[in-house]
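Structures incoming, each one as structure tokens.
After this come two complexes, each holding chain A, first together with chain B and then together with chain C.
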Partner chain A sequence: MSMKKRLLAVAAASALTVATAVPALALENEFHGLFRLRGFIENFNDGGAGAVTPINNPRTKSYFEQRARLMYIAKANDDLKLVTHFEIDSRWGDNSYATGRGQGGGIGADTTNLETKNVYLDFNIPSTPVNVKLGIQGFDDGYKGIIFNNDAAGVVAKAKTGFGSLGGAFFRFDDAVTGGSYLEGTVTNTTPGYLTRDLVNLNAKFNVTKDVKLGADWYLLYSDVLRQTQDRTAINMFGVNAEAKVGPATIDGFVLYQTGKLGSAAAIGNSQKVSAFAGNVGAKLKAGPGTLRTNALYISGDKSSSSSVRNDFQTVADRTVNQAAHAFYAAEMQILLRNKYNMNSDRAIVQNLNNNRQGIYGGFVGYDLAIDKFFVFSNVGAAAISRDTNGANRGGDFLGTEVNTEVGYKLFDNMTTSVQAGYMFLGNYYKPVTTGSWPENPYTAKVQVNYTF
Partner chain B sequence: MKKVAVMVMAAFMMSATVPAFAQMTKEEKDQCLLASKNCMMEVDTLQKKMKKLNAEIKKGTKVYSADELKKLQDKLKEAEAMLDALQTK
Partner chain C sequence: MRKFVACLILLLSYICVPVGEAAPIKAYVGEFTVTGGQNKDELKGILQTLLTSRLASDSVTTIDSNAGAEVIVSGSYLQIGKVFSIDAVARNSKGEVVTRAFVQGESQDELIATISKLAQGLSDGIARRYALIGSSQPVAEAGAAAVPVMAPPTDIVRPTDIVKPSTAAKAADGAPQSDIIRATPVAKSAGGGWVSQRLTGAMSGIAMGKTLDNGDREVFVAGPRALYYYRMGEGLKLLAEVKTGGEEKVLGVDTADLDGDGLQEVYLTVLSGESLVSRVYVADGNGLKKIADNLPYFMRGMALAGGNKKIYVQQMSSDADFYGDVYELVKSGDRYEMKNPLKLPRFAFLYNFNQFKDRGGKTNFVVLHPDGYLLVYSPSRDELWRSSDKYGGSELYFQRPDLSSFRTTGDPMRWIFLQQRIVVTGNGEIVVPQNGGFWVVGNSRSYGKSAMVAFAWDGSSLEERWRTRQSQNYLADFVFDEARKELVLLEVVKKAGLLDTGASALYIKKVE
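Then we have the complex of A and B:
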């Protein structure tokens, strides 16, 4: 064989080798997303977020809101992927030719309004049972969302073990201009890492039997954002959660205890001690043609904000004091508590479960029924404050009772249309202290179109 | 030798082009154009993926080993969590 022929043969063989090797480097591209449109007629939600206090003559609000979410996942293999998740929200008619989130529904549209919700790397460490998620991501706190249920930048690690799993997490909530929640005031962080608010978690999950699971957690909510004017905040949370299948029912619940110190608005050295508590028990049961759901929730409160020991359960808020970074969606309320479908309109009677130090306790019962392509989800819930903060008792602690329903039809496997309605009978908490009128009972009626893929 | 090289090259070129003919009949191509069904680049929706995973998990140990079943169950949980992340706050 001449040299020329040999070279040609080697080149051909090399090309074939490269061609067969390339697929190993290929990415699996996954695209998922959501489109949701909601049309509102109600007297308490106004397109904004935060707690709402019922008033007399609140006026009827009617508007449309839409959300699109796009998720792109670049999957190298089963052990390595990059997850990105984007969001575009608008209220119809709100603004156009603008720059900023949550707008662009006005005539002309053309608004720069793409939000980055998640960007994180998800990988398994080779030859170990450890999975790591690194970057801006959502988080399942193991306590039905009452500690933290939002997106944040951090690292989450989990190792599967013979008995269940061991895990840990670190999130940096703030390292810049910060304010809100009990961290009252706003400061500008000119030295990155100097003024921060962080969340740390260590957890263990035990599969006691095939049907019984137990979990134990330690959380640290730390903040030195206001270190120049007040003490640092360091709240330790110890929690136990459990889930058990008993016959046709699944029962779950948790208890959480908070201890530590809370930076006070007074001078440095005057931090308050924290001793607070939260608890939940829930059940799901196949009943007749549908599923019965129940949940009870207790969040402790405190009479005074100046006591040396604070008994109100400390909750995580976004930077703006109005917006909770936690939720209790399991209640399935539409007015009393935040609802899982809420978008930019995210108001509730008790939006932050700390509830202005008053706390909350309540019971929630629901029934889900699906017949062919039709579905009906119905709920009733009642709640009261745990502690009265002003001593006036306002005529009572009872916040009220909400009844709500969602009736819908599945147009396609991944597209539903539904009508949602809720009404809240206000309790004695809203009874006028002396004279004056009762506030109007809040109501909501919505039409929703939901497409996920 | 030149003939051998040409044959190897031809085999390589065929290997890259054959699947497109093998996997898509004329009828399927029409379905893709007319009804956006059975397209070559079609990817599963989360719902379709979950349906497929449930169907495979149901086959149980007759088809899959315990480890493979666990892997399928983990993938199902992952898809459910993804759907939840899209739908809620």
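Then we have the complex of A and C:
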């Protein structure tokens, strides 16, 4: 071997030695992800998102949609990591050779459809107990998702304390340069930061005992997106949540009260006062070979959109008003409320819990049974509107009763296949006011393959 | 005169014939270590085979097993770019170096030619120097085992040229100085160098019970939903099994004699849904009798800092998977209580830590980081050192509902992986498994090879003392029987699949 080659070999070996000697200081790579395929046969979902109103003769829809997510976390050290999360959605046969999200399932595929779901920095401030997440991220509101359960750009800080934790968050939901706002109408914002919608949160959690926890929050939902045409919105939310393990049961719940002002097209020049309420009680109990779950939810409503005081609970919508940015997945409904497995097909009878100012109250009971690789999850839920907004009463406030089940098998530790089915018996709310036919009861049947890692 | 010449010829023949017909030296070529290059696994065997066949000469004969070998040749292959180097060392059974040789080449085309050259050099060196250094008896007697299968030879590998500055290290160095220690045949050490029959199911935990008068030992093996009680003699004999309920999952098994009655209790950690319902059994030689139930603890048996083995526990809360401090479990009559809390350093929880004493008598923590690095913390919980390589690694996990993270994970359940136990011996050695995998991404873990590694603290860092030969199986759990100097390894030899439950086996490796 020539001297040059020997030197090269020595240099390469030295480089290898250095590289392998300090991996603890090098980037640690972490990957997670999922793949989910759902095949639908149903009469209310149509591949889109938003509330659905049952009709007399809905067509049966049958289609497939899939979702893949890839999460890459670059860990610089124990206290600093960059989290990125990407998503690719398609409905089989929808489109190809195109550019845009939620498509590319058509023949030929080849679509530019990669969505960036999360990009944020997650770090601990040295010598403090404070963790900060900075960037586009998901958020756990502490109220089972009914305030905000989506991704957004912001900063979340949390400090562990001897009694529990203290935290704060700021999210910028809207800073629309052009285009539609989350409310009706279109705005043009030529000055970034001028027309915005923000969410602010301060929270404290107290570990009273190992099995008893209390939480208190203040949220501010602020919007001046439509300041050029109506008053600003500034809604304060005060909430208390609790969880306690009592014998074999775990009981949890929350109370949220909203106050402040709501800018509204119905009261131009004068914002409306807000006085609204939401509450929940839930329980989980080991019963027989499985687990019994119950949840009750109340979301206040209002008769009129033009009254000086609005009593309907103001929820966070996406940038398009018909798409909720919140959910109540704990109910485990498939038709009545949003289901946790919903992807681009995300319709429900009550998709936005504000429910067109009507609010909602309901009770939900489920039983989960898992034996080795088999599982059966069954649920029944019933709900009614809290307030009738138009006074017509439509024969009643009762929205209906849903029964659903999911029967599945774990093919592998992290891959399940299941069949889901749900049927909703419509209540008097859908009774024809005068003449005409009742709308058809919604139903759904799905086959699902879910792989996560 | 004729008689004189005849006597001279006869005398010469007595002198010369033994020299001319000296028995060839029996040499065994071990598997090579390969660094760099492609097809590493294939190359290990190929190099071994090539050298084995080329090493044979008039003075050296090669054999297929190290049982009976007088010289053992170990080699390494290093490739950087296209340039490669093969280094080999021949040692006698005392571990003394008989000869060394190396060859190098500039492309794979030269591999076979260089191996021949290496073999020639080694053969000459062995022939010239073996007798000078002093022969020794073969280290293992072939065919002495009366057990189902002999374990692979050369179970423990020790690095050469280890500096031992610390008391602990010196104490740990009581073992022979040879670099390679082979499994002792069963005939010489009951239960040593031993592989059990294949056990149905991918097992997850193991604990040892008492040793019977005839030398048999009680073994408790945990499966995902069962506890098996075996007697380990020439083979494993199933004495009893206890199954758990539908939603219940076994997370670990340990033994200890907490009440000092001379009987080891069996501590089984069981999770039912979101509640810990752990239980305690005693074995009576034929069956298992439950003496405590619904204990709300994770439990693990540990000898902290190489002291007495005790059971330590940690609780679960509604949101924390491992809540609060670790406590010692104390038996008072029929009741169990938590006492003597131990505040752990960062990243530590019940299943990933132990303690050891340094030369000054201070008790340090050793912890397996979530990413697999070995961490050493001072008594004040300051990080002192962290490894470059990764250790530990477990496929055992439990799940808890976690809807608040569903948007991110897409999984309604949160996965919580346990970690391999860290054993600290009485002489300060820190024994930890090292599972490696072909597919370990996120919550998808499938380890495919394993080894046991022992360290000693030199005052500044953990220094590797020895390691076992790499196994091609995932190591689920282990016991280090310090009195017998044996590692009892529970390995999953076949992963659970769609329609079968997998298979496991116990291995015993002697550490001398």
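The working rule: the second predicted complex is superposed on the first by the 420 of 453 C-alpha atoms of A that agree within 3 Å, B and C clash if a C-alpha of one lies under 4 Å from a C-alpha of the other, contacts with A are read in each partner's own complex, and residues count from 1 in each chain.
One rule holds in what follows: a contact is a pair of C-beta atoms (placed from the backbone, for glycine too) under 8 Å apart; a residue touches a chain by one contact, two chains touch by 3 or more.
For clarity, every value in this text was computed on a predicted model and none was experimentally measured.
A count of residues in chain A touched by chain B and by chain C gives the higher number to C. When both complexes are overlaid on chain A, the residue A:290 reaches chain C alone and has no touch with chain B.
Contacts of A:330 after superposition: chain C is touched, whereas chain B is not reached.
In the superposed model, A:342 lies in contact with chain B only, and not with chain C. Once the two complexes are laid over each other on the shared chain, residue contacts for A:370 go to chain C alone; chain B is not touched.
In the superposition on chain A, A:433 makes contact with neither chain B nor chain C. By the document's definition of touching, of the two partners only chain C reaches A:75; chain B does not. Residue contacts after overlaying the shared chain place A:125 against neither chain B nor chain C. With both structures placed on the common chain, the touch criterion links A:246 to neither chain B nor chain C. Residue overlap on chain A between its contacts with chain B in one complex and with chain C in the other: 1, 5, 8-9, 12-13, 16, 30-34, 69, 71, 85, 118, 138, 140, 149-150, 329, 340, 413-414, 450, 452-453.
By the touch rule above, chain C contacts chain A in their complex via residues 78, 80-81, 83, 104, 106, 225, 245-247, 272-275, 315, 317-319, 323-324, 346-347, 369, 371, 373, 386-389, 403-412, 441-444, 498. Here chain A touches chain B in the complex through residues 1-2, 5-6, 8-9, 11-13, 15-16, 19, 29-34, 69, 71, 85, 118, 138, 140, 149-150, 327, 329, 338, 340-342, 346, 413-414, 450, 452-453, going by the rule given at the top.
Interface residues of chain A, counted against chain C in their complex, comprise 1, 5, 8-9, 12-13, 16, 20-24, 28, 30-34, 36, 67, 69, 71, 75, 78, 85, 118, 138, 140, 144-145, 149-151, 207, 210-211, 213, 243, 245, 248, 250, 284, 286, 289-291, 329-330, 340, 369-372, 411-414, 450, 452-453. Those residues of chain B that touch chain A in the complex are listed here as 1-2, 4-5, 8-9, 11-12, 15-16, 43, 45-48, 81-83, 85-89.
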